[in-house]
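Okay, so subunit A shows up in both of these, paired with subunit B first and subunit C after.
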Partner chain A sequence: MHESMIQAKRIGLEYGFYLLLLAIVAVFTVISNSFLTVSNFVQIAIASTFLLAAAAGLTLVLVTGEIDLSIGSTAYVAATIVYLTADAPAGLSIAAALGAGLAIGLFNGWIVAYLGMNSLLATLGLMIAYRGVALVITEGTVKQAGEGLADLGQLKLFGVIPLIFLTALAILLVFQWILRKTRLGTYWLAIGNNEDSARKIGVPVRRAKLAAYALCGISAAASGTLLAGYLGEITTFTGRGMEFQAVAAVVIGGTSLFGGRGSAFPGTLAGVLLLIIINNGLGTRGVSPFVYPFVAGALIFFAIYLDAIKNRARSS
Partner chain B sequence: MTATLHMEGVTKAFPGVKALDCVSITVQAGEVMGLVGVNGAGKSTLMNVLGGIYMPEEGHVEINGRRVELRRPSDADEAGIAFIHQELLYFPTLTVAENMFISRLPAGRLPFTVDKRAAQNRAGEALGQLGSAIRPSAPMETLSVGEKQVVEIARAVAQGADIVIFDEPSSSLSIKEKDALFAIVRKLKAEGKAIIYISHFLDEIEELCDSYAVLRNGRLVGSGSVATVTRSQIVELIVGQAMSGPAARKRKIGGAPRLTLSGIRRDGILHGIDLEFKRGEVLGLWGLLGSGRTELIRSILGLDPMHGGSMTFNDDGGSRPIGHRELLERTAYVTENRRTDGLFLDEAVWKNISATTLDQYAAGRMRVLDKAAEERTAISMIERLTIRTPSHRARAANLSGGNQQKVVFAKWLNRKPEILILDEPTRGVDVGAKREIGELVESLADSGSSVLLVTSEIEEMVALADRVAVIRDGVIASEAKGESITEADLMAAAMGTEAADA
Partner chain C sequence: MTRLTRRGFMATTAAASAALGAPAIVHAQGKVTVGMAWPGMQDAVWSTSHKLLNEFAAASDTEIELVFTAADMDVAKQASDANDLISRGVDVLLVFPIDSKAISSSVKRARDAGIPSMAFLRQVHADARHQADVFVGIDAKYQQLSSARTVFEKMKADGAEVGEVLWVSGDIRDENSRLRGVGLQEACDEHGASIAQDLVGNWDPQQAAAALAPALKAYPDINHISVASDVMMSGVRQVLQDAGRWAPHGEPSHIYLSSVDVFPIGLELLRSGHLDADTIFDVTGMCREAVDLMPRLAAGESFDSDILIQGPVFTPDNVDDPEMQAQLWAT
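So, the complex of A and B:
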């Protein structure tokens, strides 16, 4: 009896929020006629795309027990690369943007893993610096993306499913595969559990962290590129505040801020969907858009509180 | 695979102390050797030589008659030597199989991938060999302490270790888990492994080991077959004859009772402890690691659960029950972890000294701290306790261990505590400071405080305590006072030998 109670509590903590997601979908379905429609689901998919792409990489960094707050600015920098290469073929433009993300990710990883700087403060500073770089390039104005890329951004498979959403989903699934199936992924989890033990036992801690940041940089850049492709232009709002939304989505999805546990799929996917669906559902009900930050904030608070409880349960 | 381990004439010196002096031991394949000795006798140093952590100045290690060079931990791995540490290294959210093979995960078919099925199969095999039914796919965090230890042993077996060293493996296990551990050790023995089993519990040595080796002050003072030796002979070897005479100091006789504990229980650890703290007396609480000595203190102060028993406090006015909260407030508790629990390392010495008594310095309606008064008190304390510090404004982190400990004392002295609890007060402190701290403890007791001293250094216990309660398996096994406090008797009582053949 006692054992089964503990088991029930564990399952509740672990899967409770998937039930919440289902409940929210059910509530919006009942209270709004326009929620459960194909066109609205396409809307949700598109709105999820950019957060999904960035949060996928952030999941890996959080699993190692670190954080990357520069992802929003990285997305903006990548988008400005799209602008700079607007005359080149779409493929080249995408490659250049992702390459910039990789370079930024490697730099972030080097600073954290090799120079030993605190990741929260280091990437907070870099968040500001990268945005500055992007603003210098765009001179703070809206810029055009290449036509080829803009066309790709509007492409829908079977005329329904947005290609950009599938792309973001693919990135997420690949990252989940790396996390669960490869040696690197096991190292990340081990490092997040206990960095000291991992080092003692022979895990290449620094290289593994560098790799997590590199993938996170690519994933943030993909987010910026997808947005530029979808809009056909690069706005100065690209990626602004996205780091906090992404941290929230990842943590809501069950990845621990303390490291060592988490998943991109289904965790982070569900976290992103929850945030986006609440926003969307409130919108279809005609609720003031100013209510959303409050609801999202409450949810984030709740998710982080849950994470703390789980972590306490684990350390006792 | 089987192996015979031989260490020949191993000598290792550290600045000022010869940690190992020409120690030779042999463990045959299929033999369990019990290694015993007090803390600081050289057991850890000897094992660190085997682990490739220390290089001996003289002597060498042979496995199956061939000399092996152990220069780094990986050399020990390759030589087939595995350690089961008291503190387990593990990753809670990874599975049992991942924990066992983290540094050598089997490759899958695709590049970079891990063949989890293969890892789990191999983990299952290794666990099965030990007769364990732990699932290789279970997350490590869902296992009990004993099961985690089994995983650690299975890891050693899976890595092909022929020589397995257990470092006080039973101290955190329940009785049932201990039985399981013993069964595994016997199984390894039957497979022809050479095993070294370090323990303070002589009954374990008697039950489990074929041979024994006793270290004292870095020397091998006795070894042989367990069958031909009595427990009290081993105790004599551990303690040494010369040191067991009564201490020169006159022991005080305590005054009126201050705090009376009766029937203190904590499930699985403390089984009804009765103890009386008297005024003006140093009461020693002596017991082995895991006997419940620190747990008793934590339970009565409300830092850990207490499942039964009562506590009575005696004021000048009379006696009354006292709660954890009030007891904690009336007690100065010098913990064994000075650096984490006892000091604000980054703060100045004077701030550390006044930290427990800020109320005394808070002046006026706004309760602003009188910094000058704080500093004056600190300066006088530094003088009184001869704390060696460049200035009272130096950071506590910059002081030596002994002087840091004196700062901790100063902090509590300031509060004039009625009860002073010292848990390992001289750990990591040099000899000179040790003596001074000893004198301080004496003078505190003289001024009327009730001092409770917990230490794992037997000389210190004999030198300082006026009365000693021996705790064993969660009960007070015996009590000694005055002239009857001797090292041999305390050791025997803690290990549970006096009934056997004293």
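So, the complex of A and C:
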């Protein structure tokens, strides 16, 4: 009996969140006629795209026990590169934006892994600095993306599934593959569990962290590029507040803030979907806009509380 | 403080600032020196208003010198900038507050020094103890009222049903957004319409799209969307495109759109017939009015009410009129 209760508690902690997601989908399906429709799920997919792309890379950084608060600003810088290359072919524009993200990611990784700076404070400062760079370039005004990229942003597979969502999903799946199936992923998990121990067994800690930040920079840049393609323009709001939403989604999805545990798929995907579905579902019911921040905040609180319980259980 | 004591204060503060290294203002006969405490230069409105104020000041009949400071969105630095300008003995303090409450202490210091102050675009908070001598800003309520009213009139002329409106608002903490909502409500009251749902876009097209998409499902028969700013219009366009409701005026699936600001996307959509009315964010008019007031404020004139600029409404019919084109600043 006692063992079965422990087992039930363990299952609840590990999978309760997915049950919650299913329950929320079921509730909205019952109370709103327009929720469970193909066109609404397409809208949910589109709304998820930008957060999904950014949160995918952040998952890797959080698994190592570090954090990157500059992802929203990185997305804005990448979108700014899209503006600067608006006259170039779309492929070149995308490559330049992702290249900027890679450069930012490498720099972030270098100062955290090689200079030993606190990742929270360092990336908080860089978040402001990167946004400043983008604001200088755009002069704080709305800029246009190239037509080629804007056309790509409208493409839909079979006329239904948005290409931008598939792109974000592909990034997430590739990152999950790296996390679970490669030596690099094992290094990240080992570092997140215990950095000193990982170093003693020969894990190249600094290089592994650098790689996580580099991929995080690329995924943040992908988010900004996808948004620029979708809207056809770059606004000063690009990526604003994205870092906090992404941290919330990743933690809700089961990745530990303390590192060493987590997944991009299904964890982060489910975390992003939960936040977006709540927003969407409340919207289809015409609920007051003041309700969403309360519901999302409560959810984030419980996710972090559960994370603390899991870590306590693991420590003991 | 009387004019005489103010001069005494000026002499003292000018001597003090000279001793501290900050150059004191030399008061030439008939010249008005205005100290500008600006939030920064990162935003188009901030930089454009700085440029226009300088242009209008240069063209003014009165000689006006503008002494500019920018606080880079740092509330403490803005207070320090304002103090510095007061110490340097400007004739008028022109503040574009970062924080509408925090700026009150700078206004008080200016008043204690006998320097009149003018708040620009963002009003000193109504609850603050010390108010600026005059406020020059945009009539945010009128902006949404005039834009939505124009659309309601157009709908009635078209024989379209006037019923519910979806409201894509700005930031729920932003006074301008709140006032624009009040303006929309007034327009609705005038025409027997109602706001079906307040969708918070936070001035962000992505968030506006995320909020509007499910609302369109909840209100499939909606035929009027009012948007708090053109800055969110790209998100609205995407959602309507995805929903198959993106069509210019005259086509059956057209949704009437009213908005505010007349940014480049607004102009483009007015010309294509997708946007039906757009009230300008009249920075030019605001700067012209502020420069006109500077010599009067320096001469000790008092003002009983705020100066709120009401810009014209752009429609597909007048968008390319030369006199309307002359009002544009964001293109």
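In this section, the second predicted complex is superposed on the first by the 316 of 316 C-alpha atoms of A that agree within 3 Å, B and C clash if a C-alpha of one lies under 4 Å from a C-alpha of the other, contacts with A are read in each partner's own complex, and residues count from 1 in each chain.
Criterion: contacts are C-beta pairs under 8 Å (C-beta built on N, C-alpha and C of every residue); 3 or more make two chains touch, one makes a residue touch a chain.
What you see is a predicted model, and the numbers here were worked out from it, not measured in a lab.
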Query raised in the report: Looking at the combined model built on subunit A, do subunit B and subunit C fit side by side or clash?
Result: fit
Query raised in the report: According to the contact criterion defined above, which of subunit B and subunit C contacts more residues of subunit A?
Result: C
Query raised in the report: Measuring by CA atoms in the overlay, how small does the subunit B-subunit C distance get, in Å?
Result: 31
Report summary line: Contacts from subunit C onto subunit A in the complex sit at residues 41-44, 46-47, 169, 172, 196-200, 202-207, 209-211, 213-215, 217-220, 231, 234-235, 238-239, 241-243, 263-265, 330
Query raised in the report: For the complex, which residues does subunit B have touching subunit A?
Result: 89-94, 98, 102-103, 105, 107-108, 110, 112-114, 116, 141
Report task. Report the residues of subunit A in contact with subunit C in the complex, numbered from low to high. Result -> 32, 34-35, 37, 39-40, 42-43, 46-47, 50, 132, 135-136, 139-142, 154, 227, 230-233, 235-238, 240, 276, 279-286, 288-290
Report summary line: Listed in rising order, subunit A residues that touch subunit B in their complex are 178, 181-184, 186, 189-190, 192-194, 197-198, 200-203, 260-261, 314
